[in-house]
């Protein structure tokens, strides 16, 4: 199987999907951001009080899902039908787990939108906490599930092998 | 120490940096994308021929560095002075290592620009190879070095503990 | 009735509209910008000569309608079918009345696009006249009419109670 | 005094500020969104629980301040140094009062950034509550204070004449 | 026939296309950038080595096609189905010929997307080579073919009259 | 002399300008759009009435100058100090000549901003007139003058050799 994004001259193109049918599609992705316990506790406190770091990360993630075609060069423009992002504070492994669910009806799927959403949510958490913790690490950005379209269902086995709490 | 991005009502604000001085600053970040050996070989072939997947990822990463303040809600607008991204194909661990170097002269630093650049470069690699490998995982997004500004030099020890080849 | 933009954790989400049908929709909104009589006269002069302030406001409003999903976090991406903006100089009350009409065919409506269009048109008038009048006030931004979709027709009674001349 | 945004042909231009000096500047703006009492109560409940509508409006307003030069055609690009937005629920007049403070160091001021921030925050509140209240009205968008630059200090007298609670 | 982008007041509007049907459409455009022979040779060398100038121009052109509705004020938002750009080095006339093919399914066509793609690809070539050649000239930006929609097929006769090698 | 936008691996980078000094800079660019005489007359009529096609093109060009760093991948972010665009209807050669003047104070110049401004103004004219004339051709996009910075003054000789009326 070949890399479909490459044209005859060996350079990138945006693949033609004109002949694909519009189907209902869903993409689910995950990411984790590892941090000092102290940082995690600050985030939790904030959430109990007025919920700020995660609220901002959530808005950033949703807006990131919408701007995916502007950010990822070969992505098709897509009109997403919905996007939800949730967070889980994992005190056992000192990390925040992030999960996105994106839906659309169209000729191409929303895997990239789901992956971009969790990535930007994680970067936003980094940004808002970096004054107290520069050593945070964002890891385990992965596709959990994808449905709809000709290639059908994809589900990741044991995706939480690295401790993702979802 | 408190989370500086939170105002008196407990909600987010963009911190006032008016009284900070303009200094020369640099940020270096890294990320890795793990994949099937077959996928890594396809990318290498491509590079030998006309270099496409990584060329596109590089453009995406540089444009991502520039659009960081539009993507990350509390980031200050910044005029970056330069941005370089490089890639290393690691056949021992079946991954591509990505490294960004961003420079600016200003009141705030370019950590987020460097981290956003490697994240978007990695997402672009995912996008261009996902037709042949949906199980790729993006990990180890981290700040390697930061210089300039009041908080001074930050350098990550042993950042390549997880096998990042830089 | 609940706020539909809030998820189970109490944070914002973009509502899933996958199961909604595509229907023809229309949104009409209004706004007014109050100013000194001298400012209004300058605008009129300009219009008689070569029409500038309002022409720029009109372009800004139309581009604003198109960028609504990038500006308003929980708005669904929409492909608007058309957008028209008109202005009325009201010398009785020393204000400019702005009216937008936006149309689309889709799963969600264009209320926000119509409201964003008049808001940005008004802000543009402020920007272009602020050198001679800093005390202008933008008011009465409201939805006049909305048709299409499951919730059906909405028409505002007496919307011009505050003197909007449309 | 003439409209400075108009060139010799009578069309718009972006005024040349090359010879202006960089000074510290500040802009403060206000807006109010009038609504049904029931809507205001829903927002307050939300805030007590996990604060969502206003958190999203705040992020939208801050990002709006940053994107002002992309939205308002003749606005100069500006690097804002900081931005804070606050909200006051006014149960006497059934409205939410919004106030923004924006700072920069540069050749032009941040009046438009402050005005755009409150406008977009208000539009976001409308968007998130429109399912339960389509008759909300956004009004009293005005500049409260502006300092720095050649034109010096501007402060609005009696700006809260219409009941703005700040 | 009248200019359809102008409303009753003589100002611009985005034409209403609600009643148009969705059809498959295609747009093909061309452009050329004339330069010193030395510059053309540098580009070719680059391409033979690792292909950079043209790879960057290609990514820029494709992203430009996607952002056309944000750049061209009265353009309708469109979801393009695919986009390919190719380059031909013409050593006889010392120029690079650029050709774009864009496809969509929708109520309006992709002429502007195709024209914007080649324009931005050409500007990117200028940007990357301007350190060695400031006198490059971009010319012959034109629509080659357009199919689909009510106005039907358009094909340019003798479009290569000026030496475009496609 | 080498292409400065290419890094050691042969791929693109954004050149580091940290050590350059801030100087006052100016860029002037030109473009022409050739059309049927009938189209040119329609534009002139429009201008006499209320000036629309060229007003919209002017706003588009100015906004294009501001968004150059988002559109052209390796361009440095720049805060332009001013931008003016003018048009000349050339009935001898049936074309519209477009001229932009852009100014900034910074480490890099505004050649690309000036060139992008005239290109987008020309594309906007095409868009607004294409319903009556699909065969328009945009040509002669070139840098006329550039001042400031280490490379000093550049002025194009005989730039109007092809009939540009400026």
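For clarity, chains are labelled A, B, C, D, E and F in written order, and residue numbers in each chain start from 1.
Convention: contacts are C-beta pairs under 8 Å (C-beta built on N, C-alpha and C of every residue); 3 or more make two chains touch, one makes a residue touch a chain.
Only a predicted model underlies this, so the values are computations on that prediction, with no experimental measurement involved.
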item: Each chain counted as touching chain B and chain D at once; value: A, F
item: Chain B onto chain F, rotation angle from CA fit, given as a multiple of 5 degrees; value: 120
item: Same vs different contact residues, chain A with chain B, by half of numbers used; value: same
item: Selected pair, out of B-F, A-D or B-E, that shares over half of its residue contact pairs with B-D; value: B-F
item: Rounded Å distance between chain D and chain F, as computed from the means of their C-alpha atoms; value: 32
item: Centre-of-Cα separation between chain E and chain D, whole angstrom; value: 38
item: Distance from chain F to chain E - Cα centre to Cα centre, in angstrom; value: 16
item: Chain D residues counted as touching two or more neighbouring chains; value: 9-12, 50-52, 55-56, 59-60, 63, 67, 70, 73-74, 78-79
item: All pairs of touching chains, each written as two labels joined by a dash; value: A-B, A-C, A-D, A-E, B-D, B-E, B-F, C-D, C-E, C-F, D-F, E-F
item: Of chain A, residues touching chain D in the complex; value: 47, 50-52, 55-56, 59-60, 63
item: Chain A contact footprint on chain E (complex, rising order); value: 24, 51, 54-55, 58-59, 62-63, 65-67, 78-87, 103-105
item: Chain A partner contacts - residues on chain B that touch it in the complex; value: 1-6, 9-12, 42, 46, 49-53, 55-56, 59-60, 63-64, 67, 70-75, 111-112, 115-116, 119-120, 122-124, 126-132, 134-143, 146, 154, 156
item: Touch list for chain E against partner chain C, complex; value: 7, 9-18, 69-70, 73-74, 76-79, 106-107
